[in-house]
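Working notes for the structure below.
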Amino acid sequence: MKILIANRGEIAVRIIRACREMEIPAVAVYSDCDRDARHVREADQAVHIGPSPAAQSYLRIEGIIEAARRTGADAIHPGYGFLAENAVFARACRDAGLTFIGPSPEAIGLMGSKTAAREAAIRAGVPVVPGLEQPFAADASAAEIAAAGAGVGYPLVVKAVAGGGGKGMRTVEKPEELLPAIRTARSEAGSAFGDSAVYLERRIINPRHIEIQLLGDHHGTVIPFVERECSIQRRHQKVVEESPSIAVDPGLRRRIAAAAASVARSVGYTNAGTIEFLLDESGAFYFLEMNTRLQVEHPVTEMVTSVDLVQWQIRIVRGERLDIDPERALSPHGHAIECRIYAEDPDLGFMPSPGLVRGLRPASGPGIRDDGGVGVGYTVPVFYDSLIAKLVAWGGSRPEAVSRMRRALREYQVLGIRTTIPFFLWLMRQPEYSAGEYDTTYLDRLLASRRESFNELDADDEDLAAIAAGLDAYLRASAAAAGQGTPESAALWKHAARREALRG
Amino acid sequence: MTFEIDINGRTRTVAIEKTVGGKYRVSLDGQLHEINAARVGVYGLSLLDGQAGISREVQVTPGTTRGELLVSLSGRTIAATVNGRRTGRAGVDAGGGDGEQTVVAPMPGRVVRVLVAAGDEVAVRQGVVVVEAMKMENELRAPRAGKVKEINVTPGTLVEAGRVLLVIE
Amino acid sequence: MKILIANRGEIAVRIIRACREMEIPAVAVYSDCDRDARHVREADQAVHIGPSPAAQSYLRIEGIIEAARRTGADAIHPGYGFLAENAVFARACRDAGLTFIGPSPEAIGLMGSKTAAREAAIRAGVPVVPGLEQPFAADASAAEIAAAGAGVGYPLVVKAVAGGGGKGMRTVEKPEELLPAIRTARSEAGSAFGDSAVYLERRIINPRHIEIQLLGDHHGTVIPFVERECSIQRRHQKVVEESPSIAVDPGLRRRIAAAAASVARSVGYTNAGTIEFLLDESGAFYFLEMNTRLQVEHPVTEMVTSVDLVQWQIRIVRGERLDIDPERALSPHGHAIECRIYAEDPDLGFMPSPGLVRGLRPASGPGIRDDGGVGVGYTVPVFYDSLIAKLVAWGGSRPEAVSRMRRALREYQVLGIRTTIPFFLWLMRQPEYSAGEYDTTYLDRLLASRRESFNELDADDEDLAAIAAGLDAYLRASAAAAGQGTPESAALWKHAARREALRG
Amino acid sequence: MTFEIDINGRTRTVAIEKTVGGKYRVSLDGQLHEINAARVGVYGLSLLDGQAGISREVQVTPGTTRGELLVSLSGRTIAATVNGRRTGRAGVDAGGGDGEQTVVAPMPGRVVRVLVAAGDEVAVRQGVVVVEAMKMENELRAPRAGKVKEINVTPGTLVEAGRVLLVIE
C-alpha cells in the first residue's frame, strides 16, 4: 500500500505520522506556496500539483489523481476540507482504481447534503432540529423566502447544504435580517464549497454542540465513541473541543451514541464519520448533520479512548474488522481539551495573520499533544485556512486538563506572526469556561462585550518587555559594531570563546 | 546607549550600560534595573531582574510590518518600535503625524463592506471595514478612537497586503 | 508555597511544569555554565549558586539553602541525582524551616544505604538477592575480600552502598577480577556520591529489572503502582524503560506490588519512592534496593496510570491524603516506553558529545510525550550527566507503542551534537526487543558483538546526504557572493521577495 | 560548481548547476539527479529528487570539530567534509597523511586507562583509551584498523577537548 494525502497542513502531517507508524509510504502534494511546507518535508515523496489558489491545486481532482498515478500510490486520504466530502472525487478515485480512505461516494453524496441527511435521520427515528426539508431554489422569490422563514419561526439559522466548519451559516433574529443573511451565506458557501444552496433551521435556545465520532467497517460493525463537546465556537467555528462533555452523563451518552450509530447503520456507513447534535437545556438532543470524514477535533477522542482513528481509517479500507470493545469506546479515560491555534490576531477581531514563522517551540511534557502543521522558516500563506497547530491537553480530570492547557499555552512559542494563543490563555481563565457552563452562544456573547486586548501584560512584565526591546537593540548594535553580524554568528562566537575558556 | 521604545501605546526611555559578564544597568524611565541578560537562540533573551532574579524569557522578532517588533513573554505578544517614528523607519503602517492612524489590509483580499463613512466618530476596536480573505470574512477594527478622515476603498475593491484602507485622525 | 528546584536539565523543567500547573511559583538555581539553560529560562526566578563543577554548585547545600532564603522559597524539590538522596541535605532543609519535597531524612538515611535497606526488606519478609549484609571496610585486606567473594559465589556484582543509576557497579565473573573491580567501583562511587563504600551481591542469571513506583502520604497510606520494566541497560545504566512489563502477569504484579508496599510501610515511608527488584526466569523476585526519590523513568508510570507523580509529591508534603484508587494504580492503561536521549555518540562507544545545540525539533503528535531539558543555543556542558531529553511513546498496546516510538525517533531532530537517537532507532528494530525477550544482560551482549555504525544509511539516502552537503556549500557560496550573509538573512530576503510577488 | 565531499569514509564528487526556480541539475560521481531544493530553517534543506519526488529533509550543520559537517536525515547523522583536506580547513582531527588517524579527547577529562601499546595492531572500533568525564568512564575507540604509532598520554593525564591521545597508522 502507498497512500497519497490530498491535503496540507497539520492534517497532512497527522496522516503521514499514521502512515509511518504503519510502515506505509506517504506521498504529499503541494501547491506553489507550499513547496517548503512541513507536510512536503516529512512525506516520503511529494508532487507539485499547481498554483497556490486551492481551486488550481488542492481542489483539482485530475491533478491529484495524476499525482497518485505518477508516484504509484494506490490509496488516497483526503483529510478534512478540500475534497474530503466531495462525492465526485471519491468516485473519481474509485474509477481510477484508487482506494479512497473514507466512506463510499454514495454515503458522501447522501449524508453530505444536510437536507438529505436530515431525512435519513428522521427515517432512523432520530429527532432533528425543526426546519426546511429542502433548500431554497436559486431563484426563490423574496416572498417565498419570507414565508419559509415565518414557517420555521425566529430566531432561525441559515445553513449551507454543503460543507461544514461553520462556513455559509448565519443566525437570523428578525424577519428583516433574513434576506441579507441568505445572500451572505450563499456567497460564502459558493466560494467555500462550490455549492451555494442554503436552507433554514429553527434556532435551539442555548444549545450545546455535542457530536459522536464513529467508525464503521466493511463487515457491518459500527462503533460509536464517547461524545465530543464543541460548544466553544466563534461565529459558528469551533475553537475549543473537549471529550467527554461535562453536560453528558453515562445514560445520555448511551442514548446519543445509539442514535448516532442507528443513523450510520441505516445508510450502511463505513469508515470514520461524525454525527453532530444540538443538546438543549432539558437534555433533549437533535440531529444536526453528519460529517463524512475525519474531523479537525479527532485527537480529543483519541486521547480518552486509546484508539488511533487515522490508523483505523486505513485498516478499515484494507478490509480489517473493527475489534474495538464498544464498552471501552464509550468509557472515557480522563479528559482531553483541544485548542485550535490559528494564525490570527485576536486583538484585531481574529484577523488572519499570515507571514513568516521565525521561531517555533511547541508545548510538550506531561499530558500534552501537539499536532502541528508548520515549521520554522515557513511562510503561512494567505490562500488557505489559518490553522497552524492543534494543542491538546489531557488530564485525569477536567480541571487537571485545564491546568495543563494553561501551562502549555504559556510554553508555546510561535514567533513572527500573531496567533490565537493569548486568546486561549484568557479563555482558560474565564469562570464559566472553568465551570463548564457554556453553550454555543457563550463565546460570541463574551467577545461582543469585550474591548480589552488579549495581550495585556502586568506592569512588571510590560517593563521587562520594554527593557528586552532595548537590550535587543543594544546587543544588535554592539554585534554589528564588532563585525559579528547576526545573533546566529554571535552564538557561534560565544561557543568558540567557551571552548577556549575550557581549555585555558 | 539610550533608546526610545514605543510599546503597547506608550513611549518608554531605556538607557543601557553594560557592566560585567552579561550584566547591564538599565534605566527604564529613570527607574534602575540590574539585569542579567543572555541570548537564547536567534531572537530570545533570558532576563534575570535584580537580586530576586525574576526570570523571563523574552522573544523579540521583526513583525509583519516594517519597523515593527513583536515582543513575546509570558504567552503574550505586544508590538514595539525602537526609535521608530524618529528614524523614519516606519513603513506601510505609518499614517503620518502622531494624531493619525491607518487601517491597513493585513493580507490580500476583497473588500466586502465598509462599515463607516468619512467624518464618522469611531471608538477604539470598532469594526470599520470587512475584507474577505483566507476563506473568511474578516472585520478590521479601528486601532484607536477618533474621526474617520478618509476612506480609500469601496466594496469590491481587491487589496494587497499593506494597502491603506482608511485613515483615522 | 514557593518551590526552589535544587536541580537542572530535564527534571528541573519537569518540576517547573508541575509547579505552573499548580500555580506555585518556581525558583531555579544555576551554575556558571547553566546561565542560559532551559530550566533557568522557564522558572519564575533564578539564582546563581556557583561555578560549573557540581561540587561547587548543585551539590553545595549551604548555597542552595541560601538561594531559597533569598527568594522566599519555602520548599525544595531535589529532583533526582545531586542531593536527592542525601539525608544531610534533607535534614539541613528541615533545620532551615524549609519543606523538603521527598521522604524524611531518616527514611533517606535508612533506605539510601543499600545494605541497611536489604535488612529492612528481610525484616519485612521480602526476599533479597544473596550477598553481603555489610560493606567492606575501607582497609579490608585482599584476603578478606577474596573470602567474601568466595562466600557470595561467582558471578557476583560489586555495588556502591550509596547512590544509584548504575554508577559504582561492576560485574565480576572470576575471582581474579574482584580486586580491580572493587577499586574501580570505589573510585567511581567516591567521585559520584562522595561515599566509596561497596559491597557484594550474587549475580542472578538472566534477570529482569522490575521496579515498583510508590507514593506514601502522611496519613499512613502507601500506594504501589503497576511495575516498570527497566531491563534494557548498558553497563548497568537504564536506557529504555517501559510500563507494564511483558514478563509480569496480573497475579505476579499484585505480589511484587504488595512486597514493595510492605517494605515501604515497614519503614514509615512517605512521598515518592521506587523499589527495585530482580525477576528471575522462574518468576521469583528479589529486593534489590530502594530509590528514595523521583526516578528518571517516572513518566512511563504516569502515562499508563493517569497519575501526575510530581504533583502528588507536592500535594503529599502539603498534607493531602492520597485518594488514588489502588485498583486503578495497578491496572495499566495501554503501554508506555521511554528512551533516554543522551548527548553521546553511539558510534564511539557512547562517548559523551557535549556542544552547542544548533537546532531542536522534538517529536510530537499522537501518543508522544517529550520531557526535554535543553533549548536551541544552549551548550551541553561537560560537567554533568549527558541526558538531554526523555522521549516517551504511548500506545494502546506494546506493538503500537513501539511503532510510535520508531516514528517519533525519526522525527526528532537535535542538531550540532551527536545523540543516542540512531542507537534507539536500531534497538527498536531488534527482533528480541520487539518480542520483549530480553533481560538486563541483553543489550551489553548485543553491543559487544556489534561493529557496524548506528548511523548507516541506505545507498539512496547516502547519495542524498552527499548531494545535500554539496547543495549546502553551493547555497552558502551563492549567498555570500550575493552579499546576503547567513541563511537566516536569506530567509528574510526570500520572504520579502514573496511579499513583492503577491503584490504584483 | 563542483565539490569534493568526504562522507561516511568515501569521497564523492558533486557538481551542481542551477536550472530554474529552486531546481538543480546535480551530478553525483557522474550520475545525474534532478533536485528540487528549498532551504528550511537555518540548516535545513528540503530535497525532492527526480520525477518521483523522493522527499528528504536533510540538515547540514557544523560539527564539533573544525571543518566537519554533520549531515542528518532519516534519523541518522553522518560526518562530512567539503573540499576538506584540500583547503587545509581540517582542525584538531587532522592526523596528517591519508594513512594516519588520531584518537582525540572529545571533552575534558582524566585518562583512566590506556588499553594498547605502541606498535599494537588494532581493529576498527577497538577500545584504545578510557577517559573519565561527565561522571562516567568512557572508552575511546579506534576510528579504523591499523597500527598504533604513538601514544601521547598515560593514566592520570588530564586532557582538554581536542587533545590528540593516540595516533594510528
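Going in written order, the chains are labelled A, B, C and D, and every chain counts its residues from 1.
The criterion applied here is as follows: contacts are C-beta pairs under 8 Å (C-beta built on N, C-alpha and C of every residue); 3 or more make two chains touch, one makes a residue touch a chain.
Small disclaimer: the values here were computed from a predicted structure and weren't measured.
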**OP:** Between C-D and B-C, name the chain pair that shares the greater number of C-beta pairs in contact.
**Re:** C-D
Original post:
chain C to chain D: how many Å between their CA centres?
Top reply: 30
Original post:
Where the centres are mean C-alpha positions, what is the separation of chain A from chain D, in Å?
Top reply: 45
Subject >> Interchain centroid distance [CA atoms averaged], chain B/chain D, Å >> reply: 46
Subject >> Residue list for chain C, restricted to those that touch at least two other chains >> reply: 42, 355, 375, 377, 382, 410, 486, 488, 491-492, 502
Subject >> Touching two or more other chains - residues of chain B >> reply: 39, 41-42, 44, 54, 62, 108, 161
Subject >> Which pairs of chains touch, using the document's own definition >> reply: A-B, A-C, A-D, B-C, C-D
Subject >> Contacting residues of chain D [partner chain C, same complex] >> reply: 1, 3, 5, 7-8, 12, 14, 16, 24, 26, 28, 31, 33, 35, 37, 39, 41-45, 47, 49, 54, 56, 58-64, 69-78, 80, 82-83, 106-109, 124-125, 127, 132-141, 161
Subject >> List of chain C residues in touch with chain B within their complex >> reply: 27-28, 35-36, 40-48, 70-71, 375-378, 488, 492, 499, 502-503
**OP:** Going by the contact rule at the top, pick out the chain D residues touching chain A in the complex.
**Re:** 22, 36, 38-42, 44, 46, 48, 51-55, 57, 62, 108, 160-162
Original post:
Inside the complex, what are the residues of chain A that reach chain B?
Top reply: 167, 184, 188, 191-192, 345, 347-355, 358-359, 382-386, 409-410, 412-413, 415-418, 421-422, 425, 451, 454-457, 460-475, 477, 486-488, 490-491, 494
Subject >> Complex contacts: residues of chain A adjacent to chain C >> reply: 13-14, 17-18, 20-23, 33, 42, 299, 302, 306-308, 333-334, 355-356, 361-362, 364-372, 375, 377, 379, 382, 396, 400, 403-404, 406-407, 410-411, 485-486, 488-489, 491-492, 495, 498, 502
